[in-house]
Every structure is written in C-alpha cells, then in structure tokens.
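Multiple structures are listed underneath, in structure tokens.
What follows is a pair of complexes built around chain A, which joins chain B in one and chain C in the other.
Up next, the complex of A and B:
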C-alpha cells in the first residue's frame, strides 16, 4: 500500500504539528488517525490531502509519502516498527523517535532530535540534520541504542549524545560536542567537528576531517587504518575521556 | 514607619536584614541594602493604570476591560506562551501553571535564559549542593566560576563568603581562599586569592582537565589548557583537595558559554570527584529574584522546572523545543502573556520581533522594553514591597516576603485569578 499525504494550506503555518500517529502500521489498522496542531486535536484529513493506493496485508508493505510544507511536522515515525516513510522535503523535530525497525528517507533537512533513542531500523537524511541528532531525551542515560542514522549533509551540536549502540554516520561536518557522554556504538564524522566525545565512557568515534578544540583529556594510543567512503586512511587513535573512565576510542585522521 | 527584617526582592540572595522606612505609599529609605536593592525599593516609575495599544497610541483602560481582553486573546490562541514568573511570588506562579494547563499553553520562566542549563545538568547527574548557611559557617575554599558577585549579587561575599565570619571560619577574610574563574578580569577577580583566566568557550576543557588531575591523571595535562597553565591547574586542584569544605558557585558565564549544560555537568562531576578527597558542594548563582521559586512551583505541579508544554493536555518538557526563546525564534506561538519579567530587553532580536507581531500582554508594575512590544499592559503591586508572598532564595530556602504598605494596585495573584476564572468558564 502506498499512502500519499500532501499538506493542506494553513492559516497559521508556523504552528507545529505533532503527528506521531503517522507510522506505516497505523494506516493498516487505524481509521481515525489523530494529530495535533498546536493545542487543537485534528483529524488527518483536516491537515492533509490523503491518497491511498494498492493493498497491504502487513505493515512491511506500507509506504507513507509526505509532501508539501512538512518542515514543522514533528514526531513522524515515532515508535515505528515496520514499513517505509519517505519525506519529500524537510521534516520537523523528533522524526523516528524510538523507532525499532523499518526505514525513513528524508530528501530535505531534518530538524532536531532526529532518531532520538532509536532502537533499530534505518534513517537516511539527504540534507542536514539539526541539533541532538541520534541523541537521548533530557536526563536519559542512554541515547540511540541500535539501527543506523545516515546524514549526507551536516549535523548540529550534540550529535549522538549518549550514543549507546548502533551506527551514526554524518558525511558533512558536526557542530559542537558530537559523541558527548557516548558509551557505545559507532559515530563516523566525514567532515570537521568541535570538541568531540567529551566525557565518553565507551564506543568508537572516527573523525575524517579536523577535530577542533580537541579536549586535553584524551590519551594518545598509537595509530591504525580505517576505511571511509571506499578509501583507507591512517588514523591517530586516542583513549578517553580520562576525566571519566576513559574507555572510549576516538580516532582522528592523521 | 520603620520596618525591620525586610526581605529584598531584587536578586536571588533574598537578603532578609533590610531596614526600610515607609512614608504613605512610598519607600523613602533603605538600610543594609546594596545599590540594586535601594533602586528596587525606592524606584518610583510605576505605570499608573492598564494601557492598551489603539491605532498606534496607548489608551488607558479599566482593569476589568484589560483582564477580559487578555483572557480573550489567550482563548483564541492555538499555541499561547506564558513567560516570565521569576519576579513574582509562588502563589501567583501556581495560578500561572493552572492557567497554562487549562489553555493548553507553554509556560516557561526566566531560567530559559539563565540557569536552565544548570537544571538540565542536575537532571543528568544530581546536585551535591548545600545552603548558603553551610557555606558561611564551613567553607574555607570558595570558587566563583563565570560569576561576578560584586556586580550581580553585591552582598553575596559579605553575607556568605569572603567577608563574612562563620562558626568554623572565625576570620573569614584571612582563612577563606577565594578562586575566581572567568574570561576577563572583574571586580570579583580583584579580591580573589587566585584568578584563573580562561579563553572564552574554554570552560569545559578546563573543567575536564581539573577532573583528570583530581583523578590522579596529571601526566596527561598539556602545558596550556584554554589559556590556563598546567601549573595553575595543579595549584587550583591542590587547593580544592586540601580544603576542609569547599564551595563552587557558578553563574551565567558558565551556563551560557558554549557547551551550556555540559559545562555544568562537568562542574558537578568535578565536585563529585573532589568529594572522594574532602567535602565540596556546588550551587548556582541564581539572579532573577524568585526564579528558583518558579522552578520549584513548576516542578511541584507539572514535574518539570521550566519550559513546560501543555499543548497535548499533559506536561511535556524539552529545552530547545519548548523553551520560549526557541518558540519565539521559530515564530510558533500566536499569543504571549508576560508576567514579571522583561523578555524584550533580554531575548534575541528575532524573538522580540515576533512578540511585536503577535498579541502580547504584559503584567508588570513598570514600563520596560517589553511594554513597547505589547498590546496591553496591566500594572500590579510589586512583590515584596506592596504585595506579600513566598519566594525562594538561590539555595532553595523559602522565605516569606512582606507587604510594606497598602498600595492602590492589585497584586499578580488577583489579576491572574480573574483571568483564570474567565478562561476556566469559557473552557467549561
């Protein structure tokens, strides 16, 4: 089944829409999908032109396509566990929160908290991602735990904060403090970043550009080769953060 | 009339030893107060009556009219924002939270531009804090980080640290060591035993280095960390470890520096590390009078200390998303009620521009920058001068403030209760 959701014009287009019910399984089982526009509850038809094509017998066979002014729609794909979502433009905050399986493809930019505390599945963002990409919720001790987030462009500050499992790949630059409080999983940064991996206690971070304002609490631990985008690079290897337990691995291109 | 033991209503110190002389409905003299307190008590620039913008001009309206119109604006909104609250007392803040819940609004306080990051760090790793009384009586090492108490909290040093003798610190000026860490020399750094000058944005690295030193990893520290020499870092770490009782105080120089809540988390974890060797505590230098109280009140009722979003009928909290600066910058909210603060003076330009675009109502005794962005302003009594209520000191101690005279203005609670009653009736 293919479900196409095209946004309708709104009187107040900057008011955010919260749409955690836009997940493939709901289009198979649920007739009354509710979403919020500010503090008002709306039905799907109030805010979208909805087109359904073809049959499906399981959520894996459902593909949801969002088009139009989608940049202020939050929580699309939250708790998603099967199927596919394609966003033709930008997407709002919390896309793919807690998702455990399935795939989200974003052709534009993603706002903050993309793939927050994700457990599995795959998110691909062809544009840039905002702050706290693949991070945890406030006060949470573990961020993303499984799956893959791939960002073709840049990511904002605190990317992969509290990363505990899975893989985060940012092909562009990251902002300040990527991998802060990281405790597991793998973070790959194709470009530059600032102050990577503060207070990390585990996991591996690889920076193939420049790591600026490098923290003084990482201990040099030789070098090794690593592969990125089909090429092999000689990487300086550091162990840290020794301000904490110092059991993480940070590799920076030599 | 001379009134003793008056509580100051300016900064988070809530000094409770002021002596105030009142003549009619004016304060004519303040003893024991700092310059800020004197201005607060004796300032005489109150707005006379509610005003409403009409055709590019201000017109006076009755309280009933202003309150009814405010309730109407909030009821019409799809994403109202209720901001401020730190300059008023707990009872009024309570009504504010209930109002937000009924409206499905976002309610936020001034922590969003001061110590919000401190609270976020405390939520991550806890708070090894204490009261100011403990610091006064016990601390032999005091570290001010990113704070300038001489200017911002003028009596902090004389009531609790450098110049104040305590039960176990008989000669404070000689026995207490004071360290000031900042990006530039300040009046506070001039009275410090040790001034640590950090490169702007370098606090996180310096805190990490100090943590490593306290953990015994001195060998890893490079000769210079963000403008601070290795020798000075060793000296400061040794001073802290040798303390019988140490106290960190940090200000917005740390909370609003790059890294924000991670700076505070690092400072808290340094404090925890020092507690393996001695007794050390850490406390924020809360600035806006009852901002700590607004965090307390919000937390009692909603579970969250600031930036609480009731749009879905339940409380949701996510600084960066539900904080007022972010909501205004993104142009999300379509109405705003400002209570006891001045976002026009302190928020980024884009936020002020949005406040001017939407219907903004201000409840505040004085004309300020936000007045010029507002559609309606309702003047009220000043908390701690002609209105009484409960406020919290920067260390979390609640103090009852007093009404010094009966003025002619309604107080925040009275106005907010009337707005709440109209909204509640409309919502059913």
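Up next, the complex of A and C:
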C-alpha cells in the first residue's frame, strides 16, 4: 500500500506539527490517526490530503510519502518498526526517534535529533542534518544502538553523541564534537569536523577530512588503511579517550 | 467539606485497636473518626473491601534538595511515567524521582496518607518544606540530619548529653524538623576531610569521637527531650560486604530507655546485612541480624528492600555514593552541607543478572520473613534507593506468597540460592501482619499515634484506605496478582475525612499538614543565646543565626507536637 500525504495550506503555517503517529504500521491498523498542531489535536485529514493506493497485508508493504511543506513536522517515524517513509522535502525535529526497523528516506534536509536513540533500520538523508544527528537524548547514557543513518550533506554539532551501536555515515562535514561520549558502533565522517570523540570509551570513528582542534587525550597507535567511497586511504590511528579510561578507536586521514 | 462520612460493611484490620478482621462500619465527622456519623453523612459501601488505616511510609525520600538534584541530573527519568493533566490532577512525570505531585498522587492512589522524608539537611530545610506543600495529599514529617553536626560532635566529645539535647531541641524547632536522623554518623564528616570511618569504634578525624559515642549520646539526648520518635539511624558502612558486624555492634549499643516505643530505629537494614569480604563472595547475613533484632525489642528496623529495575540512589551518606560512582563511572553528584552533613546521588540499575543485586533482593525479604514480630520490621524500599515506592504492592505480594518467590527464583541468577537462605523460608505473611508492617507499626515507631495516626478507633484522624480485595475470598499465596493490583490502586483513599483518591484517580486538591516537634527546654539550655553555639554562626556558617530558622510562612499548615524536656 502506498499512502501519499500532501500538506494542506494552513492559516498559520509556522505552527509546528507533532506527528508521532505517522508510521507505516498505523496506516494498516488504525483509522483515527491523531496529530497535534501546536496544542490542538487534529485528525490526519485536517492537515493532509490523503491518498491511499493498493492493498497491504503487513506493515512491511506500507509506503508513506510525505510531500509539501513538511519542514515543520516533528517526530515522524517515532517507534517505527516496519515499512518505508519517503519525505520529498525537509523534515522537522526528532524524525525516526527510537525506530527499530524499516526505512526513512529524506530528500531534503533534516532538523535536529534525526534518528535519536534509534535501535535498527535505516535512515538516509540526501540533504543536511541538524544538531544531535543519531544522538542520545538528554540524560540517556546509551544513544543510538543499531541500524544505519546516512547523511549525504553536512551534520550539525554533537553528531552521534552516546553512539553505542550501529553505523552513522556523514559524507559532508560535521560540526563540533561528533562522536562525543561514544561507546560502540561506527561513525564515518567524509569531510571535516571539530574536536571529534571527546570522552569516547568504545567504538570506531573515522575522519576522512580534517579533524580540527584535535583533543590531546588520544594516544597514537600506529596507522592502517581504510576504504571510503571506493578509495583506500592511509589513516593515523588513535586510542582513547584516555581521560576516561577509553578504549575507542579514532582514525584520521594521514 | 463534607459533613461526614459513613463507611459501611468494611472488612477492617486495625492492629493498634486490636481489630483483626471484622465486618464493621466506620463513622467520620469533621476529619475524625467518631462513634456515630452525622445524619446527613455521605455513605460509602465498602462491602468486600479490605479497609485499613491510611498507609504511613516511615522512610522515603520525596522532597528536598537532594531529591531535586536527582531530578536535575536524570532528564531521562522524567521521560518515564508521564501523565497528562486530568481534572484536579497536575501534569506529572518521572519514575524514580517523580515531580512532587507525581509522588503525592501515586502515594495517594496506593492508600498512603502520611510520609516521612528520610533526610533533611537543616541548612536546606526551606526547600524541603516548600516541596512538602507541593505534596498535598500526605501529611509530611522531616527527619533532620545530625550525623556530622560540629556542635553535636563537640558536645559528644565533652560527654555532655544535655548540651547535645539542647542543640537538637534548638535545631529541630528552627528547621521545623520531626526527629533525629543519623546517616553514617561521623562518616560523612570524615569524608569531608578525605577520610572515612570503617567501624563504629573508628575516630572521626579532627573531632576525636567515635560513631558509637555519637549514636549513644544521641539516643540519650533524644529520650531526654521526650521526642515522639526515636533516633533514626542509617548505620555506618552501608553497602560494604561484611558490614553485618557493624550493624550487630550498633544493635548491641541500644539501651532500653522508652516504655512506649523503640529506642533506636534502624533504617534500610537490607543494605547493612551483608556477609563476605568482597563483591565476589557477598552473602546474606540476614539471619544474624534478624536474631539480634528478635532478641532486642528496643530496636525497630525497616527492610530497605530493593526491586529489580532502574532507580536513583540518594542519601546523605556522601562517601558511599562516591564509592558507587567509582564502581559505575556514570553521572554522579556529591554535596557538602557546611558544618552539618553531606549527600550524594547516582542513578543505578538493579539487574536480575547481577548476583550481587539478587543477593540484595533476597536479604530484604529475608529480614521481613525472619523477624518474628512484624512490629519490629517495617515495609520500605528506602524509596527511591531500593526501588520507587510504587513497588510496595509487589513486595507485599512477595511476602505473602512463597509461590511468587519461587517463580522469581527461576528468573534470577541461579547461583543466588548458594548465598541466601530465602528459598528455605516457608513463612507467608498474613493480612494482619501486612497491615502492621505498612501502617500500624510505622505510627507506633514514629510516635504519631498521639496525634491520631495509624488506627481507626473513635478519636483517630480519619485517614482510611479501602482496597478492592476481600481477604475472605482471596488466597494471597495463590492469587498474588490480585494482591498486587489491589494494593496499587485503592478503591477509596480518605484523608482527614475527605475522599481524596478513587479507583486510581485523585479527585480533590489536597491540603496536607507538616508535622514537626518542639521540645521545650529550660531557659539555661536555650541555644539561641549560647555564646559558643552562636559563635559557630558568626565564624563558619554562610548564614546568620537569625536567618537560619524556617519561617512559619513555609508551613502553611504546620502541626506542632510539643514535648517537655527533662533536662
């Protein structure tokens, strides 16, 4: 089944929409999907032109397509566990929170907290991602635990904070402190970044651009080759963060 | 306010009045239990419902600076247990350290009407009292910390019990505290100097007193002041393998000074009943502790049961929390309260896969099952240190059903049974014993029967909990699920003659009172004019003495218990 959701014009288009119920499994089982516009509860039809095409017997066969002014919609795909969501434009904060399986494809940019505390599945973002991409939420010591987040553009600050499993790939640049408090999983940064991996205790981070303001608490541990985008690079390998008894691996292109 | 209330056909267990399960009516007028209800009284049919005096928690951490710091440092905890605004109920959030209203509503729907805050630093009393007023459905009492109080320790060194008593009297009245709490006496202060005490005979650095002397002096001072409650003690060496010896030594210290109640209240004894010497060979010594308590009626303890899951530990025992931090390397906070005490907070997770946690879990239950007299072992989790108080119904079910304990046994670490005697104990507590352990014994131990708490005879305060379960028809050892469900959701909770919660929902704005004690001392023992004592404020404290006492505006409904000191 394919569900196409096109945003309706709104009198106040800047009021954010909280749409944690837009997940594929809900279109199979649930008839009254509720969405908040500001502090008002709305039904799906109030805010979207809804088109449903074809049948589906399991959530895996559901594909949700969001088009229109989607940049103010938050929490799309929260707790998603199957199916596919395609967002034709930008998406708001907290897209793919806690998702455990399925796929989200974002053709535009994503706002902050993309794929926070994700457990599995796949998120691809063709534009840029905001701050705290694939991070843990406030206070949580284990952030993303599984799955894959791939960002074609740049990511903001604190990318993959508290990463403890899964894979995060940013093809562009990262902001300040990517991989801070990392304890597992893999973070790949295709471009430049600032102060990577502070306080990391485990996992692997690879930086194929420049790592500026490199932290002094990493110990040099030889070099090795790594592959990125079909090319092989010589990488300087560091262990750390020694300030926190860390056993993580940080590789920076030599 | 309703003119009156008549609870009809209730199955009543009221241990303090000697009612062990009778069908009777309870009449309420003007917030008190009376012989006959007013003619236009509202009638509640409690047929088939277990009816008990309102629950009393004699040791819980729900208000005050350290609880609030637990909230600050655990934003992830605030994501759990969210409830929306509904009727008179405020929004609540949090699981192990909920908002004040969250605490109040959850206690109320479990039938609890009185809660004692386990540790209030005197200097930070205002914060505690402000949070008390925002915990509207329970009458609140505050145990006041004296464990590292410099003036007290100097009086102990001079062996001047009367001076210690006078300091206690002044401080309790100044901060509107209820009773004396000693947390790791001497240890927190020693830790402030970078050291620690490891037994009750170790000297506290710079003060040259031992924890044993502090405890002994404070017990005598407490009785001189005729305070309602006894000294409330959190023993030294909490959570250290092999600490049962310290606990036994402490129990040996206790004199028999009071005819009506215990002379020493030992809190969360589970954390103080460990054998072995390291975390690898930790084992249960609950049998030794229970034997000592059984032979010493002057002592009352509470369980301090832990339950598996996530929670936050918070105590005035700074050194212990620092050791836990070294173990977990997670977020942590330690705090020193000038001249008085300290505190520490860390989040923890008790897991069924951890042998140490399984042993701890067993010890709490063993203490309750091995203590012969239910009046000497009260039900508590030291909320939230062992588990949030919402786990009480589960503990009640575990104590009442060996079958439930056996089914738990299959889920915990299989090595546990080699370290604990729990699974050899066949005892199952009955309804009467549960009623004692959750309200009557608390009221007696805290000495608040004098203001009408903990019983249902005429003259008592009309705090009643009506649970949707019929003891005639339910066999708790088999239907433990029903026991848990009933105790987690009272049909009616009545506070001071008013139905405050019904079927798990709070239906009125509360108006609690704060109970505090004032011991009247002769003028020569008034510390407010004592040169030595006032010098402490001038020299060391960051506040002036006249700004130190808590003003009445912080206690909109204060209830003072006056005592006459025999100094």
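Here is the rule we go by: the second predicted complex is superposed on the first by the 254 of 254 C-alpha atoms of A that agree within 3 Å, B and C clash if a C-alpha of one lies under 4 Å from a C-alpha of the other, contacts with A are read in each partner's own complex, and residues count from 1 in each chain.
Note that a contact is a pair of C-beta atoms (placed from the backbone, for glycine too) under 8 Å apart; a residue touches a chain by one contact, two chains touch by 3 or more.
Being a predicted model, the structure only gives us computed values, none of them experimental.
S.K.: In the overlaid three-chain picture, which partner chain does A:254 touch, first (chain B) or second (chain C), both, or neither?
M.R.: The answer is neither, since A:254 touches no partner chain.
S.K.: Per the contact definition in the header, classify A:55: touching chain B only (first), chain C only (second), both, or neither.
M.R.: neither
S.K.: One more residue to check, A:137. First (chain B), second (chain C), both or neither?
M.R.: A:137 sits against chain B and chain C alike.
S.K.: Quick check on the superposed pair: does A:40 touch chain B, chain C, both, or neither? Answer first, second, both or neither.
M.R.: After superposition on chain A, A:40 lies in contact with chain B alone.
S.K.: Return first, second, both or neither, reflecting whether A:219 touches chain B, chain C, both chains, or no partner chain.
M.R.: After superposition on chain A, A:219 lies in contact with chain B alone.
S.K.: Both chain B and chain C contact which residues of chain A?
M.R.: 137-139, 244
S.K.: For the complex, which residues does chain C have touching chain A?
M.R.: The touching residues are 73-79, 329-331.
S.K.: Report the residues of chain B in contact with chain A in the complex, numbered from low to high.
M.R.: Per the touch definition, chain B meets chain A at residues 77-80, 103-105, 120, 123-124, 201, 204-205, 207-209, 211-212, 215, 217, 220-222, 225, 258-259, 262, 265-266, 269, 310-312, 317-321, 330-332, 334.
S.K.: With touch defined as at the start, can you tell me which chain A residues reach chain B in the complex?
M.R.: Contacts found on chain A: 12, 14-16, 18, 36-40, 93, 112-113, 131-132, 137-139, 158, 176-177, 180, 195, 198-199, 213, 215-217, 219, 241-244.
S.K.: Taking the touch rule as given, give the residues of chain A at its contact with chain C in the complex, in rising order.
M.R.: Interface residues on the chain A side: 137-141, 244-245.
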